[in-house]
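Two complexes come next, and they have one chain in common, chain A, joined by chain B in the first and chain C in the second.
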Partner chain A sequence: MTGLLVLAVLATLLAGTCFAVLLDRAQPALVAEFFRSRVETEAPDRLNRDLAPAWYLALAAIGLSVVPFAPGLALIDSPAGIVIWGSCEALIVVTVFLHGWAPNAPFPLIGAYRYAALALPVMLPSMFVLIAAALPAQSLSLIAIVDSQREIWNVIRQPLGLPLFLVVALALTLRGPMDYADGADIATGTSAEESGAARATWYLARAAMLVSVSALAATVFLGGPLGPLLPGPVWLWLKTAALMALTAWLGHHVARPPPGRMLTLLWIALLPLSFLHLAISGVLAL
Partner chain B sequence: MTRLARIAASAPVPVFAAIGPGRQAETERLLARPGLRRADTARDAAILLVAGDLPEAAAPALARLHDQLPRPRVTLRWQGEGADETETALTGAWRELCAGGPDEEDRLPDAPTNAWRGVGPHGQGGEGMMGGTPYGRPMAMTGADIRDGLQLDRYSATLGPFAPMLPPGMVLDLTLQGDVICEAAVAEPPFAQPAEADAPALCAARLLRLLGLEKAARRVIGGRRPGALWITGAVPPGLGRIGGADLRARLAAWLADRPVTVPAFDLPALLAGAEWCEAMLILASLPPSELIRAARRDAAA
Partner chain C sequence: MTDPVTDLVLLLLTGFAVWTGWRVFRVDSMVRASFSLMLSFIAVGAIGLLLSAPYIGIATVFMMAVEMMVMAIFMVMFMMNPAGLNPMMMVHQHGVSIAAGLAAFLGLGAAILLSAPPSDPVPPQAPVVAQLGHELLGPSMLIFETAGVTLLATMVGAVILSSRQGRHGAADEGSRPPGLTAGGAPAGRTPGEEGGPGHHHHHGGHG
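And now, the complex of A and B:
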């Protein structure tokens, strides 16, 4: 059974990454990158430069492994699945920072620091939102959270949860309004010195993370594998694909404010809102 | 040509443009076409498009830019030809590159342009663990933070004339603390551009690209609506205020296809104290003709 679940996680990640590339219509450009060479910068941190996309991919895989593919069935059946996911989120910030640190150049480093500054106030609402979803289940296990949605999905019971988590999803996948690491004003930031296969791998890792974060959102807010007629994994895939499409659409169609404005919005509006959401969910769960 | 190479050749052509005097509007319109893609960094491009006649002074910068493109790469000069002809030439050059066509060697030797004058093996041997000028770049030394009086590293750099986020030809001497601009001085004003560069659609598109809305920028240049959310709302109110109108108002006017004029302004004062993204937005929110006039005044002073 474990072997089958490992296979399911890897196949979901692979197929989902392909779907994310299709959503961005990036497939020919991605193939073209592999025909191009990598340029060396002056005195780069080679180890971290090569490891950053690998960490990102590994975090996407670990994050996906706590997601139940059928009711009661996840690769990592942990009583604290949400905490495992939360640690993945925190390590993404480190990974993106290392990606910007490694080339030893100004624009990547600005992107790295900027992302670290923006990601912190994103992590906090993320945790509040996930803990709020854990309250009705009275457990931090994602399997229990799925079970708690048999009557009513969390997206209806806690209407603020999914919109707030979509902001987190955009930040974790460096997309559109939350892409403070790789913006155009700093010549694509942490990727500014990357070319060829290295650039393509970083993009693929971001696409894989979109699968992972969407699958988690589908589990926490849309009942994950719950649904009539079709088998559990199919429902999970359908819901994940829908959330991936929604996140990709938001990434392409919402403007990105300067970091100062976004920081203000995150600390002054989003953080109190997520706290309010947690308080209301707590009272309702009593 | 292998199957994979054929797929690669069908990708939008990744172009980095070195835009010369008088060619900004044409180049921006050309690169908004669906088969072409304007790269945000030279590392992401395969074709260097040199539009127009560059002044002699920009030749060393062009050579450096050329060597920043990853190989295989090709340079295309765009003189008086029409846009359709140039698009065909770009697409043809890209197909040839994907099929393993000719590549271009580096123009400059792969060696530091200045001698090592650092103290210690990494330049860490001087005052405050920093010293000398390794390879012609002075080490960052601490200075008063212009916002809250902390002592932070000040990093000096010259940016331009082909930096993708600056107007073509502009060279800025900048002193930064992190991504906050402490001091800005105009080393070279932007290249002269005809009034066509002030067209509302082109001005709006420049801001939209900086706001992360590449597709919306293309749509606006194509004469359509941007089709994006929270455009003016994303701009902080009051940013880049000149004579009563701020950046948000100028963007709104351009999106409504109205031309914008601004009274005389002091460019270094507008940029000093601004965060990097805000500073780039401010520069893109000034109509090129007015920006060139102001920058020339500063460069002469």
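And now, the complex of A and C:
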């Protein structure tokens, strides 16, 4: 059974990544990119520069492996599954920062610090939203959270949860309004000095992360593998694909405010809103 | 703990935690030091997993990743070498450090050697996360809530102290930079050196 689950996670990640690449408006010439030579910067931190794309990809895989593919069945069946996902989120911020810090060049460094300053306040609503979803289940296990949605999905029971988590999803996949790391306004930021296989891997890792975040959102808010007629994994794939399309659409259609204004928005509006959401969910779950 | 594989993993994690902890003081940049410390704590978190404390182990990884990232942000706000790529010395106050290190090592070593650690294996089916939750929000609630509120007050205080805007105007207006030598005259330009009070507000914010 474990072998089957490993296979399911890898297949989902692979197929989902292809779907995510198709969702993007413009794709880089991926195959050609893999054979292009690398541009060197002066005195880079080689270890982190070479490993950051791999870490990003690995975090996408770990994040996906806590998601239940059928009721009661997840590759990493931990009593604190949602905290594992939270750790992945925090390490994603570190990875994106190191990806921009390592080349030792101005634009990547600006992207790295800008992203760190904006992604950290996003971590707080993320934790509040996920803890709120754990309240009706009375458990931090994602399997229990799926089971708690048999009567009614969290997206209806906790209406603020999914919209708030979509902001987190945009931040973790460096997309649209939350793309402060690799934005075009600073010449693709943390990726500005990157070329060849490393650039292609980073792009693919961003696509894989979209799969992982969407699968988690589908599990926490849309009942994951729950649904009539079709088998569990198919429902999970359908819901994940729908959330991927929604996140990509938001990324394409919502404008990115200046970093200062976004920072104010995150601390003044989003954080109190998520706290209110947690308080309401807590009272309802009593 | 009779399983040899668990013992080997524990040894490897301990070695990794010590090695990355040592690297914190040997590397030449604040970013490298921060994230070496993070790796050290991640290894400790993994040891927590082996000791049947899944929540504490995983939460350690989460907390340390966020904490080290916050440290990097504070670095760019307050340090003279914000990027963290220029070489810098990571150790200072050698005498005090050596004494503190020796005292901590001898004290902890004596504690391990002289005390009898309990042997109380957790049954595999025990709901350890729920038990921890009941402990935190039950008998130990007062301790944890006091610590939490104290930390929050400290953070709010630190932000207020370091913030430029204040009730009595901008923090850098009228403040004196420290002298270049001990007890010497303040460094930088003195107020009224150029223009006079009439022009003062044009320069505000770049002191």
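In this section, the second predicted complex is superposed on the first by the 280 of 286 C-alpha atoms of A that agree within 3 Å, B and C clash if a C-alpha of one lies under 4 Å from a C-alpha of the other, contacts with A are read in each partner's own complex, and residues count from 1 in each chain.
The rule is simple: contacts are C-beta pairs under 8 Å (C-beta built on N, C-alpha and C of every residue); 3 or more make two chains touch, one makes a residue touch a chain.
Values in this document were obtained by computation on a predicted structure and should not be read as measured data.
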Partner chain in contact with A:46 - chain B first, chain C second, else both or neither: neither
First, second, both or neither for A:150, with chain B first and chain C second: neither
Which of chain B and chain C A:78 touches, first, second, both or neither: second
Touching partner for A:140 - first (chain B), second (chain C), both, neither: second
Which superposed partner A:101 touches (first chain B, second chain C, both, neither): second
Touching partner for A:86 - first (chain B), second (chain C), both, neither: second
Contacts of A:123 with chain B and chain C, given as first, second, both or neither: second
Residue contacts on chain A - larger count, chain B or chain C: B
Common interface residues of chain A - those touching chain B in one complex and chain C in the other: 113
Parts of chain A lying in touch with chain B, wherever the complex brings them together: 27-29, 31-32, 34-39, 106-107, 110, 113-114, 176-177, 179, 183-188, 191-196, 199, 252-261
Touching residues on chain A, where the partner in the complex is chain C: 43, 45, 78-80, 83-84, 86-87, 90-91, 93-94, 97-98, 101, 104, 109, 113, 116-117, 120, 123, 139-140
Chain A partner contacts - residues on chain B that touch it in the complex: 4-5, 7-12, 14, 37, 40-41, 43-44, 46, 68, 70-72, 98, 155, 157, 163-165, 178-179, 208-216, 227-231, 233-236, 239, 275-278, 280-281
List of chain C residues in touch with chain A within their complex: 31-32, 35, 38, 54-55, 58-59, 61-62, 65-66, 68-70, 72-73, 76, 83-85, 127-130
